[in-house]
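Next come two complexes, and both contain subunit A; in the first it sits with subunit B, in the second with subunit C.
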Partner chain A sequence: MAKPKVAFFDFTCCEGCQIEFTNYGDPVFLELLKHVDVVEFREAMSEKCREPLDIAFIEGSFSREADRPRLEEIRRRAKVVIAYGQCAATAGINALKNHTSDYRKFVYGKDAALPHLDSQIAVGVDQAIKVDYYAYGCPVNKYEVLQIVSHLLHGKDPVIPNYPVCVECKRRETICRFDVGDYCLGQTARAGCGAPCPADGIPCEACRGFVDKPNHEALVKVLDKRAGMPKGWARHKTRMFTANQRGDVK
Partner chain B sequence: MSFHFIKDQDFPAFLSGLIKARTVVGPVAKTSRQQEKFVFARLTDPAALRLDYDVTILPPKKEFFPPKQNLLLFDGPRVTPGIEPEEKVLFGVHPYDMKALDMTDALFREKNEDRNYTAHREAATVVVSSVQKVSPRAFWASIGTEVKPKGHDAWLTKVAGGCVYEAVTAKGEALLQHGKFAAASEEQKKAARRADEEAARQCPEKLQGTSASNAKKVRAAFSREELWTKFAQDCFSCGSCNTVCPTCYCFDVQDWWHVDQNTGGRTRTWDSCLTEDFAKISLGAGAQENFREERAERFRHRFMRKAAYLNEKLGGPACVGCGRCSAACTADIADPTAVINSIPEA
Partner chain C sequence: MSKTLSIAVHHLTRVEGHGNIEVDVENGRVLKCEWQVPEAPRFFEAMVRGRHYTEVARVTSRICGICSVGHTLASLKATEAALGIQVSEQTFKLRELLKHAENFDSHVLHVYFLAAPDLLGAPSVFPLVATHGPVVARALRLKRLGHEWGSLIGGRTTHPTRAVPGGFSAFPSVAELKALKERMLAAVPDLEETLKTVKALAPAIPAFDRPTEYMALHSKAGYALYDGEIQTVLPDGNKKTYAVADYKKCTNEYLPKVSTAKYTKNRLESYAAGALARFNNNHDQLQPAAKKVAADLGLKAICTNPYMNTVAQVVEIVHSFHESLALVDHFIKNGVKDEPLAKPTKFAQGAGAAEVPRGILFHEYEYDKNGLCLGGNCIIPTNQNHANIQKDFEALVPKLLKEDADEKKMELRLEMLVRAYDPCISCSTHFLDVKFVR
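Right after this comes the complex of A and B.
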């Protein structure tokens, strides 16, 4: 059987998730290349590909209408499309700008009016094309990505957690951030990362976005009452990675 | 059954001897920002054992039913089972956790015996330790009092000048060779009983009613949707209450592959009925159904399981009053005493 053709594409993002794909180390990466044929991946090779694809990894959010034809072209060519990383999945941190009107001035200064810098509300790529699977995270968890690829190679549906980070903290007996007077967003954040941040003494910031049905109101209450966060801050706290998953989505 | 006594000054040598002879797992401290919590961990240094712990983050069931357990490893068509029993001593289990182990023992043994659990359990010697410090959310003195711990091999109680060691089984008796023990006097045995009674009096929370009356009223409240919706209003479905519970035993099984795509494993992971996807099932042809889709239904299900559904099978409620769920719930809505006490009598 011919090896599945795999390609990477990027839209509005930092390309950090693609870099993560090169962080497996030589033995793992070279072994993986025995099972997939990477035909386009600008972080690591200069070749481009116009052929049909088995798996398209799309990084970055959909924030410019001008990008739609390119997304549609990728969709037409690919059997499987994976939203690769939080920007592609929900627009992640890009969606922070959705709630501001003066970002162009602050980011680009005197060049703010240049036409190619114009962009719309940042959304996940599934707002433009059908997405088959999601690799969440800022950046993606490279081991989870390896399992997603393995599952697809074996003809199985990848298993992506829809439970909160608390589950993973408890499994590894991490002391709860709330027990040490800190805050945490783990109760509504999607797991799958293995909860490394609270284990290192850092609150979860929900970089994999929310679970499908987060209880955001309860989180605001707990951040206010237990973590002592001012009410307004508690309400906006999750916006860094979940602006498009909250009740006040633009 | 025989009662022995070991002096405080002889205790470290007993532990050292034990550690030299066997794998010993016991409660040790874990800290973050000067907050001290406890976990069961493998002992290398006898001084690390903290029998003055109040409660551990996870219950000792993890020694036999770990959060992640390989059921098998495969290399192409060749399969290796994941059962690797190790003769270990589980030292310092609180009596409420022993009751919980008795329950998981029964549940994994019934019908199709689960050797992934029982093989590890049988290889262990379990030494119970009386509670020296009661945790802030404990209510073990007021729940399922008709059920007594029974699966332990020995029971250790701190008294003035040393510890009383009650050897219950031959396995418990066998540990005596590692330390300097004398026969316990009647006075020391009495002091051990008093220590247990005193700890029970210190439980800060209390469940009202009897196991039977609570089972009855919790069951009767099943259809009172407004009650469960109110209880679950601040529920995150985060699964913390399930994940720290000593009597929860549900798991999910998934396959995984190494990057060579030929070797890999089949792993079971603790599952949690509070989480949204727990009851999501396939209807075939790509269709799905979630038979506990609402947060309140899942919240209610936990109380049905803990207070009513398993009572006949276990002889009492499937809750031992450790208070781990109450402490782990950041919204503080999981406390079984608060919920069950507030359900009106049927």
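Right after this comes the complex of A and C.
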């Protein structure tokens, strides 16, 4: 049987999730190449193809209408489309400016009207095309990505966690950030990363987005009362990686 | 000469971000010769507004996935300058070690995965798995070392977790540092083989000289990466220094007619940042082993061939490796203390700079009395190189026409030139014309 054809595409993002793909090291990377054929990956290769794809990894947000035809073409070519990283999944950090309307003028001043600065609200690529699976995170958890690929190669549906990061902190016995006088978004954040941030002494910022149906009001209350955030910050807090999953999303 | 040719490379491959090359020549006359940047803008300076000072580096780290360590460090330094935070000597040294890890990691990626395929006549690293298996395996081993070394200090290399305002939120143990040292020493044969590979490929590096101004951080304490003042050197060796707080006086952003990307200039019509600029400014402070590699590979200051940036990166790989071994030894000998974070003493405006793999990087922020950010400014190295790349194109295209290069050769030479700068375009578009609004 021919090896499945895999391709990587990038839109509005920092391309850090593509870099994670080069961080596996020799044994994993070379083994992976025995099972899949990487046919297109602009950041690392000059080869381009027009042929049908088995798996398309799409990195980056949908942030300008001009990108829609490229997304649609990828969808036409690919059997399976994976939103690769948080920018593609929910627009992640790119959505942090979505609630403002003056961002073009603020950053570009008198040049704000230039056509190349065209940008609309940043959203996940599933707002333009159908997405089959999501590899969450900023950056992705590269081992979860391996599991997703492995499941697909075995004809199985990948299992993506829908429980909060708190579960993973308990599992690895990390002291709760609230108990050391900090804040944390772990109680509504989607797990699957292994909770590295609280273990490294910093709060979870929900870079993998929220679990399905998060109780945002309860989260704001906890941040306000238990962490004692300065006034207004608690309500503003979840714009960082989860602006598109808040109740007030435009 | 009556050559007519047209080159249109859209979304140049094997670079970070999106760039286009357009050249039109009619009857030997150059009608168009442009380096264009069509990357989608992301508005980071607007995103940091209203964010708490502890969140800002986590936001601006996301400007770039390849140099996120450097963005984090430049951001922390700007925030610490604005808040009057003095970090400890241990923090300073750990950050230097983290910066070296990024330099090593990113340069390995560029030299092996992005630049080498051109010199080996391959379209990417993937076909090299079959034809040059041991070279690819070696590249992956070195890449993994850079990643694991940076992760030990920073928590991870893509958007590091542990580097925070005032210090570090978690520390490596001496046992982990000893293990890192073992891993590094085990990589020495791979480094030696790398030098052999590069030396064998060096004759394929195109000859092309265009003297320009070179800007980099400079420090009396050593070859500057994490910290220093701004220095530029002209081709005749004339040097000038500037305080980091005065970065706008030597970057002078402007919007040119020919490009959609903003340009910078200082003493000449354009300047270069990156490994070659650092080498031209600070070569006498390199580790002896790195100096030897430079001599071996024919790199001599002041080098005005932009294609040699890749060679300067190889020299820096060796330099960062040896500097880091000394830093690791220091921590093995003296231990790593679990230090609390240094606290803010004021809330004002401040700028910070660091050398990222692609060159000098500036961040600046202002905070209100609650520690919430009022606005920011970031000037990214690739942005500073755009004008220099354009000027290189304008000199290189007529030279190649004179050499009777065909379309294919000219296209490859122009692509290789852009790749030599190792541009990070998705970063570079976030800078344009930033204003502080108060």
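Criterion: the second predicted complex is superposed on the first by the 244 of 250 C-alpha atoms of A that agree within 3 Å, B and C clash if a C-alpha of one lies under 4 Å from a C-alpha of the other, contacts with A are read in each partner's own complex, and residues count from 1 in each chain.
Operating definition for what follows: a residue touches a chain if its C-beta (ideal position, glycine included) is under 8 Å from a C-beta of that chain, and two chains touch if they have at least 3 such contacts.
Quantities reported herein were computed from a predicted structural model and do not represent experimental measurements.
After superposition onto subunit A, the modelled positions of subunit B and subunit C are compatible, with room for both.
By the touch criterion defined above, A:E205 reaches subunit C but does not reach subunit B.
Look at A:G181: by the touch rule set out above, it reaches subunit B but stays clear of subunit C.
In the superposed pair of complexes, A:Q120 makes contact with neither subunit B nor subunit C. Looking at the shared chain after the overlay, A:R171 reaches subunit B, while subunit C stays out of its contact range.
Counting the residues of subunit A touched by each of subunit B and subunit C gives the higher count for C. Judged by the touch definition given at the top, the superposed model places A:Y163 against subunit B, while subunit C stays out of reach. Look at A:A218: by the touch rule set out above, it reaches subunit B but stays clear of subunit C. Nowhere in the superposition do the C-alpha atoms of subunit B and subunit C come closer than 8 Å. Within subunit A, the residues touched by subunit B in the first complex and by subunit C in the second are 24, 201.
For subunit A in complex with subunit B, the touching residues are 24, 28, 31-32, 34-35, 146-147, 150, 153-154, 156, 159, 162-164, 166-167, 170-173, 175-176, 178-182, 184, 186-188, 201, 211-215, 217-219, 221-222, 226. Residue ranges of subunit C in contact with subunit A, taken from their complex: 11, 13-17, 38, 40-47, 49-52, 55, 58-59, 62-66, 68, 109, 113-114, 117, 123-126, 129, 136-137, 140-141, 143-144, 147, 155-159, 161-162, 164, 169-170, 255, 260, 370-372, 375, 426-427, 430, 432-435, 437. Of all the residues in subunit A, the ones that touch subunit C in their complex are 11-20, 22-26, 29-30, 33, 38, 41-48, 63-64, 67, 92-94, 96-97, 100, 102-104, 106-111, 114, 116-117, 119, 138-139, 196-197, 199-202, 205, 230, 233, 236, 240.
Residues 30-33, 35, 37, 39, 57-58, 67-68, 233-240, 243-244, 254-257, 259-261, 264, 269-270, 272, 275-277, 295, 328, 330-331 of subunit B touch subunit A in their complex.
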